[in-house]
Amino acid sequence: MFTESVIDESILTSFSKIRKQTLQLCEPLVNEDYVIQSIADVSPPKWHLAHTTWFFETFLLMHHLPHYQFFNKSFHHLFNSYYHGIGEPFPRAKRGLLARPTVNEVYQYRQYVDEHIIQLINHSSEIKRIQEILILGLQHEQQHQELLLMDIKHNFFIDPTFPVYRAVENKLLENAHYLSAFNYISAATVDIGYRGNEFYYDNESPLHQCILKSYEIADQLVTNQEYLEFIDAGGYQNPEWWLADGWEMLQKEQWQAPLYWQREEKNWRIFTLNGKQNLNLREPVAHVSFYEADAYARWRKCRLPTEAEWENYARTQAITGNFLENNYFHPKPAEKTQQFYGDLWEWTASAYLPYPGYQPFSGALGEYNGKFMSNQMVLRGGSCVTPQSHIRPSYRNFFQPEKRWQFSGIRLAREGKGR
Amino acid sequence: MFTESVIDESILTSFSKIRKQTLQLCEPLVNEDYVIQSIADVSPPKWHLAHTTWFFETFLLMHHLPHYQFFNKSFHHLFNSYYHGIGEPFPRAKRGLLARPTVNEVYQYRQYVDEHIIQLINHSSEIKRIQEILILGLQHEQQHQELLLMDIKHNFFIDPTFPVYRAVENKLLENAHYLSAFNYISAATVDIGYRGNEFYYDNESPLHQCILKSYEIADQLVTNQEYLEFIDAGGYQNPEWWLADGWEMLQKEQWQAPLYWQREEKNWRIFTLNGKQNLNLREPVAHVSFYEADAYARWRKCRLPTEAEWENYARTQAITGNFLENNYFHPKPAEKTQQFYGDLWEWTASAYLPYPGYQPFSGALGEYNGKFMSNQMVLRGGSCVTPQSHIRPSYRNFFQPEKRWQFSGIRLAREGKGR
Amino acid sequence: MFTESVIDESILTSFSKIRKQTLQLCEPLVNEDYVIQSIADVSPPKWHLAHTTWFFETFLLMHHLPHYQFFNKSFHHLFNSYYHGIGEPFPRAKRGLLARPTVNEVYQYRQYVDEHIIQLINHSSEIKRIQEILILGLQHEQQHQELLLMDIKHNFFIDPTFPVYRAVENKLLENAHYLSAFNYISAATVDIGYRGNEFYYDNESPLHQCILKSYEIADQLVTNQEYLEFIDAGGYQNPEWWLADGWEMLQKEQWQAPLYWQREEKNWRIFTLNGKQNLNLREPVAHVSFYEADAYARWRKCRLPTEAEWENYARTQAITGNFLENNYFHPKPAEKTQQFYGDLWEWTASAYLPYPGYQPFSGALGEYNGKFMSNQMVLRGGSCVTPQSHIRPSYRNFFQPEKRWQFSGIRLAREGKGR
Amino acid sequence: MFTESVIDESILTSFSKIRKQTLQLCEPLVNEDYVIQSIADVSPPKWHLAHTTWFFETFLLMHHLPHYQFFNKSFHHLFNSYYHGIGEPFPRAKRGLLARPTVNEVYQYRQYVDEHIIQLINHSSEIKRIQEILILGLQHEQQHQELLLMDIKHNFFIDPTFPVYRAVENKLLENAHYLSAFNYISAATVDIGYRGNEFYYDNESPLHQCILKSYEIADQLVTNQEYLEFIDAGGYQNPEWWLADGWEMLQKEQWQAPLYWQREEKNWRIFTLNGKQNLNLREPVAHVSFYEADAYARWRKCRLPTEAEWENYARTQAITGNFLENNYFHPKPAEKTQQFYGDLWEWTASAYLPYPGYQPFSGALGEYNGKFMSNQMVLRGGSCVTPQSHIRPSYRNFFQPEKRWQFSGIRLAREGKGR
C-alpha cells in the first residue's frame, strides 16, 4: 500500500505532531463535552481520543512489541469501531452512554500508548512493517481529527444554549473579486487513481484509465447566495428537482434548508464552531446532503462532476486553501480563482465503488475501506477541518447521500459545449 | 395540603440536612457519571441536582423573593421536568445529550439557590405559604434522592465494566428465622388516606371509607428463592400466568428474569450498587414489573393486595426498616416478622386513580401528581433507597406496570379463608 | 358463570337469529371489503365471520360432538384470536394479509359449523354445559357484531372515496326539547355487579358493596355543540386539561378533534356509516378517547362518573334506546330525558380491574376477560352498534384510554353539592 | 427515445397481445388474491391491473383523445405510482388497504381504456407521438407482468397455507451436462448502451465507450448446490465476507438463507409459484440480495461482473432461455453452455447511475427512470418472469441491494488471468 523506506526522523516528528494536534483540538472542551453523542452518527470526543489510540495498540503494540501489557483490557472491546476481525465491537449508537473510562483515564491511555510506540520504534527490527502501520495510524488519526470537529459541532448544535467552540473575531469575509465560471476540459482518456511513492489508501488504487467526454467544471463552490436562490424559488417544495430517495428524506426529516441553518424571523442564521452567525452570502454553502447538491445542480441545468472529472482537473491545481491548520473551521469565500482544495468536501456524481482490480489491505485492516462500498457517494477535495497534509488529488471520501453533518458543499459541472 | 404553622428551626434544619444528603449521595460519582442517561426513564445525576434546585427557584424564589435574579435564565427551560404551566419542558429523552451546564456550574447553582432560600426565609412575611412550598420542595428532593440511586444503578448497569457505586463488605445476610406467613384480617369498613397534621401529597386525600372483605396478607416479601421456583417452573415461558399486556412485553423485551439478573454459566448473579454479586436466596426479589409480580402471585394461587388492604394492615406496623439512611441501598432478608416498610416498594393490585373527591394542588403544582393518574399501578411501603422520613402508611408511589428499574418487590395476598 | 337450565327452544331461536344477524350486517359489503384491515386494532370482516364460528367449533364441537371433523384444520390456528390455551394465535396485525380462505369458503364454514351445532344440540346428553357455552358463544358473536361495524367504519374511512356502508335518508335529527341536567344521588352504600339468573360475564361478578358519596350525574350525553366549544376554546392546544399520557398521545397523533371529524374549509364534517355528513350539533359527540373525555370533563369543572356511580344510577333506567336493531348505526340526539343506554359507550373514571373475589371462567375460556385487566378503562351502557339484548346495567366494556374507533362518548358527573 | 415510424398493424397486435397476457397471468387468482399487499414493496394484483391502465389513460387518452371522459376521476390519484408531475400519488404502503374499486370495476376500467385506445389509434393524426407513448406503455405493462408474479409469489408466501399459483408437474430437472466454467475476454475499449432502431429506455443511452481490462465471466449461474456450500461453511455467520451494510441487514432481518428457503427438519425446502418444493440442487440460486451475491462471490475469491463486462459478453449470445412465455415461472438448471438470458436477473457490481450525457424522457415521463438513480444496483439479463420480447443486451434493471423478492441470481466474474 505504500513504498518501502527505513524509519526516519520525519515519521517520529509526524507522530508527535499529529498526536499532539488531536489534543489541541480538544483544548476548548470542558470535561462534560467529551461524553456526549448527539446522534448515532456522532461519537463522543472521548471516544475519538481512545479509538485512535486503540488503533496503534491493536495493530502495532499487540503484535509487534514483545511483552506489551494492555493499559486496560476492556478497552480492546470498548474502542473497537467496526473491525469484526478483532472481535465484536461495542455498539456504535451507545458510545455516549459510557461514563467510564473517565476523560482523565483516556488521556493517560494516550500517553501510555505513545510511550510504548516510541519504545517500539526504538527497538524493533521490523522497521518496514511497523512504519507502514504507523503511517496508516497517523492517517487514521487525521481522519478522526476531522470527525472530532464535525461531531463537536453537532453536539453543540443540539444544546439550546448554542455553545461556542472557539471564538473568532467575526469580520465578514467578502471576496467579491472572483465570480464563478466554468473551466472547459477537452475529451480525453485519463489516468485516475494514486500515482506516487507516498502513503495512499487502498481505495485510491489501482491507477486505471477512464474515458472522459469533454466537460465543464465550475472554478468555485456554490455560495450561500446562489443556494438561497434555490430555496427562495421553492426548491424544497418541488419534487421535480429531487431524486426519489432524496424527496422522501426531505419529507421525512422536514428539510427546509441545509443543516445548521435556522430562520429567525426574516433572517437566516447559521450555527458554526464560532457560535451562531448571520448567514454570509459570499461563503460556500455547507452541510448539504448529496440529494440537495444533486437537486440544486439539476435546478441550475447542470450536474455534479464525476469523481474522474474532478480528479482530472483538480490534479492541475495546487493543494492549498482553507484547511484545519487555519484554525478557522469554517468555509471561506473563494480567495483565488480556482477554489479546489479545502473549505468543503465536494459531492461527486460517483458512487463509492472499487476501482478495477481493487485489492483491500490484508488482514483485519482490509475492513478499513472496502466494506463500505455500497450506498455511499464519493466526495473530493478536503475541507476546512481536514489536515492539509492529509489530502491528495486521488483522495476519496465517502458518505451516505443523506448525511449532512460533514463539511460538504457543491461544485457544478456540465457537458462540454462544442467550441 | 398541610397544616398551618410558623416557620421554625426544624424546617431550616431539614432544609440543610436534606439538601446536603443529596450531595452526599453523589460523592462516589466521578464527573463523567453525572452526564449519562442510559434510557429515557433515567435522568443524568446532574439533571437531578439541577432540577431539585430549579423547583425551589421556580416555586419559591421567583414569586416570593423580591428582585431575585436568575442564576442562569436558560435553566428555567432546561430543568423544568414536566410543568407545562411553567413553559414547554426540555424533552426528557434528551437530558443526556447536554454537556452544559457543567457539573461544577450545577453545584454553584445549588449553592446560589440555597443562599437565596435562607435569605427568603429570614426576611419574608408570607411565612405560611413559603413554608408550605418549602416542605413540598424538600419532599420533592427526597423523591429525587431515590431516583438518583435508581438512575445511577441503571447507568452503571449498561456499562460493560459494571462499576461499583459504593463498596460494602459482602457478608451474606441470612435471616432464616422468619418464615413467611399470612396475616388474617377480618372484613371491615376502613378509613383510607392521610390522617394527621403533617405534610402529605394531594393524592393521599381525601380520607375516605372502603369496604374490605376478609383477606390475608403475607408478613414478608417474596424472596429470591421463592421467585426462582417460579422461573425454574417455566414461569417466563407460560402465558397462562400473565396478563395479556405483560405477556406481550415479556416477548418483546425477552424477559427471562427480573432486571439486573444475569445468568453466568449455571449461576444467577445480580447487579447491585455494590457491583455484581451472587444471588442471595434469602433476599427479597427486587426489580420486578407489576406484570411479573402479578404473574408470580397467580402462579402461587394468590393475588397482590389492593392498596386499601395494604394500608389498612400496614398502618398497624412501625415505620422502621431498611431505608436510605442505612446506606445499604439493597434489600435485606427480613429482620422481623412483619417486613412492611423499607427494603422494596410493593406492587398493589390497584390502579393509580384519584380518591373520591380528590382535589389537586392549585396552580402549576397541580401537575405534581394528578396528571399521571392513568396507566400506572400503585406501590406502597418505601424501599432501601427511600428516606425513612419520607414514608407514611398512606403514601402512594406509582409506576407503569412494565417498569422495573425502581426498587420494587412482591407481597402476596389472598381472600380470607373462613375461620 | 350462569344459572342452570335445560336447553329450550328459545336458545335455538337465539342461535339462529344471532347467527343470521351477523350475516345481515355483511349484506352491504362487496367481496373485497371482507379482506381489509386498516389498522392493527381492526380485523377484516371475513375474520370476524370466521372467528365467531371458530369459537363454536373450538369450545363446543371439538370437545362435545363425537367424531367431529374439522372443516379445515388450518382454521384452528388462523382464527384463534388470543387463546394461548388453544395454541399460538395467528398474529393479529397480519389478519389483513390473508387472501385465503376466500369469503365464500368462510360462508361455507359458517354453514358447516351451524349444522353441526344443531346436530350437537339435538343429540347431546351434556345439555347443561353445552347450553352454557352456546350462550357464551352467542354473547361473543354479539360483541363481534359491534366490532364488525366499528371495523367496517374504519376500513371505509381510510378509503379516499369514502364509501357508504348503508345509505339512510339524511334528515337532520333535532331533539331540542331535552336540555342536559344533572341528577342528584345521595350518598349510600350500594351493591355493584350482576344480580339475576341470566347470562353474565365473569368480570361482572361477584356482586359487592361500594360506598358512594353523594354525586351528580348528567342525564344526557355531551353533544357535538358542547364539545365544539371545547375545541374552539383551544382545548386541544392547552395541556392544562389533559392527563400527561393524553397530552403525549395528542401530540404524537396530532389530534385536533375526535376521530372521523374532518374540517373542510370552515365547516366540520364527520364520516359515518352513511358516508360523510355535516356535523349535527345536537348529536352526542362520538369516537373520543378516554383522554379527550377526561380533558373535556375537567374543562367543564366536572369529572367522569366512576363505574359504580354509573351503574347505581343507570340501574333505575329502562334499557331502551338507539341500539343495533335500529339499523341506524349512528348516535342520535337525546330522545328522552334520561339518555342512558345505546347511542354511545360512556367512558368512566374507573380502571378495568377485577371485582373483589373475582374468579375467571375455567380453562381456556378464562382468557376471555381477565387477562385484559391492565391499562384499560371501563365503558358502560352500550351503543348504536350494540345489540340491545346484549346489554345489562352491570355490563363492563373496556378499551385502552387512547382508543377512538369504538362508538364512545362522554357523560359528565361531579361531586354532589350539599342540598 | 426511439425511432420514427408510422403506426402499423404490428403495434396494434402487440397492444392486444400484451394487454391480454396480463389478464392471463391473473387467471389463477381468486377475487380476494387481488387485494393483498404483504409488504410495502409489493402491490396488490388489482393495483397492477389498474395502474398499467392508468398509464395509457394518463399519458395518452387525457392529452390526445378529444373529449375523453375519465372512467372514474378518483383513479387519477389512486393509481398514480410515483409521478409527482401528475399529482400527489396515493401512498404506496397503503395500496393494500383499499377494498374499492372492486376487481370487477378494475376489469371494466381496463376494457374501457382499451376501447378508447383503439379509438385513438384509428382516428388520431399525431401518429408518431402516440405510437411512441403506446410502445412505452406496453414496455411498462411488461414490467408490471413481472412485478405481478413477483408480488403474487410474496403474497402467497406469507399465507401459512402456502397456496399454489399454478401447479406444474414436478419433474426434477437435472441438466448435469454443463458444468460451469469461466469465459476469458481480452482487455478492450468497448461500446456500452443501446444501439439499434427499436424501443429502449432512456437509461440505456447514450451509447458510450468503456475501457475494460481482461476479465473472466462464468458461463452459468451459481446453483443451489454451490450456494449451499457457502451456507454450510458458515457464510451467514462470518462478517468477513460481507459489506458492512449487508452484515447489518443480515443481523436485523435474521437472514440464514435466500428468501423463500425454509429448513424443515434437516432438509431445505423452497417456496415457488408451484407451492413448496424440495430444493433442487441443480437449479440456479434465486431470490438473493446484492449483499448475498457479493458475499458469495468474495467467499469464492471472485467478484460480481460490472454491467459493462456483462453487456460486452452477453451481446455475443442469443436472447433465448427460460422466460415468462415458458409459463414455468421458476429458474431452471442450465440448458446450454452459456446461460445468459432468462432464468434470473443477475446482480452486477455497478451502481445504477446515469451514463455520460444521459438525458431523461421529457415531461412527467422523465420520472420513469432517472429519479431512481441512487442507492440501487444494476441487474442484467431478464428472468423466468420477464417477457422475452422485453429484453435487450443493454437492458438495465435495478433494485436496492437488500431487496430479495425479485427473481435475482448470481453470476461470478474475476480478473482475467494472464494468458
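Labels A, B, C and D are assigned to the chains in the order they are written; within every chain, residues are numbered from 1.
Following the convention adopted for this analysis, a residue touches a chain if its C-beta (ideal position, glycine included) is under 8 Å from a C-beta of that chain, and two chains touch if they have at least 3 such contacts.
Given the structure is predicted, the values throughout are model-derived calculations rather than measurements.
Shared contact partners of chain B and chain C are absent.
Listed by label, the chains that touch chain A and also chain D number zero.
Averaging Cα coordinates per chain places chain C and chain D 47 Å apart. Centres computed as Cα averages put chain B at a distance of 59 Å from chain D.
For chain C, the set of residues touching two or more other chains is empty.
Chain pairs that touch one another: A-B, A-D, B-C, C-D.
Those residues of chain D lying in contact with chain A across their complex are 82, 84-85, 189, 208-211, 213, 239-240, 242-247, 290-291, 294, 306, 349-351, 353-354, 356-357, 371-375, 377, 401, 415. Put simply, chain D touches chain C in their complex at residues 30-38, 46, 74, 77-78, 90, 94, 96-100, 102-103, 155, 158-161, 163.
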